[in-house]
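The next part holds the structures, each set out as structure tokens.
Next, two complexes with chain A in common: one pairs it with chain B, the other with chain C.
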Partner chain A sequence: MAVFKIPYADLGKLFAAVSASEKLYLPVDNKLGQANFEEWEEGKEMSKQLNTVRSAKDFFFPQIQPLVKFRREDKKVDIIDIREESEDFVIFGAKACDVRSFDVLDNVFLAEPVDTQYKTRREHATIVSLACNRPAETCFCGTFGIDAAKPAGDVESWIIGDDFYMEPVTDKGQAFIDKVKDVVAEGDQAAVDGQIEKIRTIMGKLPLADLKPVDNREKELEVFNSPKWDELSSHCLGCGACTFVCPTCQCFDIEDFNAGYGNVERFRCWDSCMYNEFTLMAAGTPRKTQKERFRQRFMHKLVYYPIKNDGMYSCVGCGRCLRKCPIQMNIVKVMKTLEEDA
Partner chain B sequence: MDKEALIPQLGVVKEIEEMTPDVKTFRIVGPDGNKLFDQIPGQCGMLSMPGVGEGMFSITSSPTERRYQEFSIKRCGHLTTWLHGMEEGQEICIRGPYGNGFPVDTDFKGKDMLFIAGGIGLAPVRSVINYCRAHRENYGKMDIVYGSRSKEDLCFIKEIQSEWVNTPNCDVWLTIDREEEGWDGHVGFVPNYVQELNFSTDKICVICGPPVMIHFTLQGLKKLGFTESQVYTTLEMRMKCGIGKCGRCNVGDKYVCKDGPVFRCDQLDLLPPEY
Partner chain C sequence: MQAELIKRATELMEDGTVNRVLGWQKGQFVYDITPAVFTSVEDLKENFVYNAFCGDNLSKYLRAESEKEGKVLVFLKPCDTYSFNQLLTEYKIHRENVYVIGIECNGKTSGEDLKKKGIEGILDVEENGDELTVRTIYGDEKVSLKDVESYRCATCKSRKHVAYDELIGEDGDILDSHRFDQVEEIEKMSAEERFNFWRGEFSRCIRCNACRNVCPACTCEKCVFDNYDSGLYNKAAENTFEEQCFHIIRAYHVAGRCTDCGECSRVCPEHIPLHLLNRKFIKDYDALYGDFMAGAEVGQMSPVVDFTMDNDAEPSVVQKGGAE
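And then the complex of A and B:
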């Protein structure tokens, strides 16, 4: 498909054109200088930071999501379906790692029985991805075959010099371009190709560029029983920060909120396998110490999930856990340490 | 929108039967008085009372029970204590059926069956026992070994004494942990009793009970010459969604709620021992 461009300084016009008919979310810096996705409104500018603090999974798998309401009176219970079809919306400026994370989550939430609230959000979202001009030292998306220079989604985009380039790659992407056709001009494919080449050269020089995942699907128990887990997990605080910033962590809890007068709201919220209570039953827990809980998280991402999903890893190399872990433990160290065994 | 698995349907507690001092059996139907759904022996249902909690329980009735689903529940926590306080006619939320169930119409068919249960572990095993009794011609000799701490802790004792013992070609072996006045049956732990009974090894074995009972019974069965591929059990893990998504019953590449809870013991050997 054709390539389109708009001066970077004029992006506000593009956002305004889209926002006329649907909500547009983009990374915006807050007062503390942290970038997170926010709904665009006049005056908001796209963050220039590499990535958002929180991942983009919130769009489809929000931290807290109402499931169903109930009314109780004596012995009677009413079940009230509160689900609504999602409205169309645009996720603008998602990076390649986060875009891949949607595929990882799809394998969980769109597997039978389909999660209907996840599905409706997925169907109504248009993803405008943005290539990473300056990937960080903590980035390793290439490890999992993700190309930060060509970030997938419905529209792929690049910042080249003073211009913003876009290429629609799906029908949804074409529909997005149609909406903004009055503010964009045809662009030059060669400029995009040159930028892709430039980014790939940078990617090749990143400190984690040589990190390759080891396919341990045939060695599930061997890796599980590795003596390395003791040392790897020994300092884990069990804070769960890694799971909350992780774009592919999808464990959740289901809880009831008692709103009073017989009104009960059942909601789903993020949970973490790093927590003791995650598997706690009346008779005890099968994962007694932090070692088991730590091991579960990484075994799931690197071995269990790939077994279930044709070798796809449940990590996209975004590097958020590398930046957020208070004890500087992370999936890269785990992969490297386990590799020494292999 | 399509049907959402996490949204429960409405059930009504039709009857409540007190089994033991801390186990009650709840018979549940739909608001129209009919059975809510069909299930396979060994499958589970997610019961909830809004504002109290939601929990996964094995369906103890056989699919051949056409009137209702039965859940035998031991009082041991927040939700189960609330359920024990319910009266007949209480409306309740229910989701399911969940899980794989026992291969009653395939691997079990035509085989001699040995059922071993301890305490409330009889709940899931009873669904298979009653299925085999209802299709008696499809199965060979039935042996049922059931034990509990004391006489009053034996679940379904009325049904056992009036129906199970009178089933053709079916032997029931009851035991309690310690001697007790008014008990002239066997005394001793289930694993030891299974050893004493010295079963021939040409059987399929279904076992459920406390983890320690399963552990020692399995050791004993192996001594008798059983292989792990003859032994089926059903696992318990904490569950929230019941549909293989929330992550907490994940063991290796399996989700106990969806890929289990029934596993053959040789299949369990291939999984990380975290259950």
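And then the complex of A and C:
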């Protein structure tokens, strides 16, 4: 498909054109210079940070999600369906890693039984991805076959010099371009190709460029029983920072909130396998030590998920856990340490 | 200094004073250093690291470590020694199982602090006194440690060690580092401004519990927020009001025991200035009860935590059976 461009300084016009008909979310800096996705409104500028603190999974799998309400009167219980069809919206400026994370989540939430709330949000979202001009040392998306220079989604985009380039790659993407056609001009494919080359060269120089995942699908028990888990997990604090900033962590808990006067609100919220009450049952918890909980997280990402999904890993190499773990333990250290065994 | 620490640790391992060392382990980058226990001299030589990125306060780990067989050597920075004393005061550490080497500290930085200055793609950092040369894939940058110092270090309360068996490097002084300046700014706000300030800060909370789990004063076997029967149990708050509940309850619970080590703010993924809540309490105690710093001495009485019938308490409320 054709390539379009707009001066970077004029992006506000593009945001305004889209916002006339649907909500547009983009990474915006807070006063501390950290970015998170926010709804665009006049005056808000796109962050120049490499990535957001929270991942883009929030759009489809929010931290808190009301599921159903109950209302009890005497012996009668009303079940109130609060599910709603999502409105159309645009996620603008998601990076290649986060875009791949949607595929990882799809395998979970769109498999039978389909999660209808997730599905409606997915269907109504248009994803405008943005290539990474300045990847960090913590980036290792290439490990999982993700190309930060060509980030997928409905529209792929690049910042090249003072211009913002876009290429629609799906029908939804073409519809997005149609909406903004008054503010964009045709662009030069060669400029995009040049930028892609430039980014790929940088990606090749990153310190984790050589990191390769090991296919351990045949060695599930061997990895599970590796003595290395003791040392790897020994100083884990058991907080959930890694799981909550992770774009692919998908575990949740379902709880009831007693709103009083016979009203009960059932909601789901993110859960973390690092927490001691994770999957707590009447009989207790199946993972009594932090080692077992720690191991669960990485076995899930590197072994269990690939077993169930044709070898696809549920890590996208975004590097958030490398930056945010309080004790600087992370999936790369786990992969490298386990590899010594292999 | 790293070589000196390894040398002394090796001596203490070899002469049998200790059987292991709690310190910092090299990562894959210069800054992603992990707390670790070293059980052999070879391990120490190969993996032990001490540099400007060794920010982690190791004192909380002593709770579990000091339960184990044999004596453990630990390296504590000045601020960590306050936490150590406070844990001793609360009978959380077996002192006889710990050998403390106090180490000089001139302030720490972190990967996040460098990134805040726009330094990305970090490959290596060379330390030359106060000057850091950061090698990145986008070129080299020279910064002074002062410019990239963690906020908690810029407002450090004390470079003096309050507990040690021996010292490596110089002992420092208690500092006047204007650590209450930010608190004063918030005190000057109107109630509504203050409420909005905190509501804004807490709205970013993702309830990962990193602040709680890293905190040397948070030593409950089971936190009320993890206890299904407590009535306060929640994994994620339904709204930001609940988020405030979590942080304010936590701040109250560590009041009078918090040593202002700043770990809470260091680890917060969203950079919520949690230390301000604790500093507000510390400032108020200083004003109401005279200067008090938790952890300054082992066994000292805290203005709000300790209670004695015969000494300093006003017993009428207790004798009446509680406040009206």
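Operating definition for what follows: the second predicted complex is superposed on the first by the 342 of 342 C-alpha atoms of A that agree within 3 Å, B and C clash if a C-alpha of one lies under 4 Å from a C-alpha of the other, contacts with A are read in each partner's own complex, and residues count from 1 in each chain.
The rule is simple: a contact is a pair of C-beta atoms (placed from the backbone, for glycine too) under 8 Å apart; a residue touches a chain by one contact, two chains touch by 3 or more.
In this text the structure is predicted, and so the values were computed from the model without any measurement.
With chain A as the common reference, the superposed partners chain B and chain C fit together side by side. Of the two partner chains placed by the overlay, chain B and chain C both lie in contact with A:D253. Taking the C-alpha centre of chain A as the apex, the lines running to the C-alpha centres of chain B and chain C meet at 90 degrees, rounded to a multiple of 10. Of the two partner chains placed by the overlay, chain B and chain C both lie in contact with A:D271. Of the two partner chains placed by superposition, only chain B is touched by A:L67; chain C is not. By the touch criterion defined above, A:Q328 lies against chain C but remains apart from chain B after alignment on the C-alpha atoms of chain A. Residue contacts after overlaying the shared chain place A:A20 against neither chain B nor chain C. Judged by the touch definition given at the top, the superposed model places A:Q34 against chain C, while chain B stays out of reach. Contacts of A:Q296 after superposition on the shared chain: chain B is touched, whereas chain C is not.
This overlay, made by fitting chain A, leaves chain B and chain C with a least C-alpha separation of 9 Å. Residues 253, 271, 280 of chain A are contacted both by chain B in one complex and by chain C in the other.
Taken together, the chain C residues at the contact with chain A in this complex read 27-29, 31-37, 56, 61, 111-112, 115-116, 120-123, 136-138, 204, 206-210, 212-214, 226, 228, 234-238, 263, 266-267, 269-271. The part of chain B that touches chain A in the complex is made up of residues 1-10, 49-54, 76-77, 87, 89-93, 210-211, 236-238, 240-241, 243-253, 270, 272, 274-275. The touching residues of chain A, when paired with chain B in their complex, are 67-68, 70, 72, 75-77, 79, 81, 83, 85, 108-109, 111, 113-117, 119-120, 220-221, 224, 250-254, 256, 258, 264, 266, 268, 271, 273, 278-283, 285-287, 292, 296, 299-300, 303-304, 307-308. Across the interface of their complex, chain C is touched by residues 30, 32-34, 36, 50, 53-54, 63-64, 134-138, 202, 205-208, 234-235, 237-241, 243-245, 253, 255, 257, 267, 269-272, 275-277, 280, 322-324, 326-330, 332-333, 336 of chain A.
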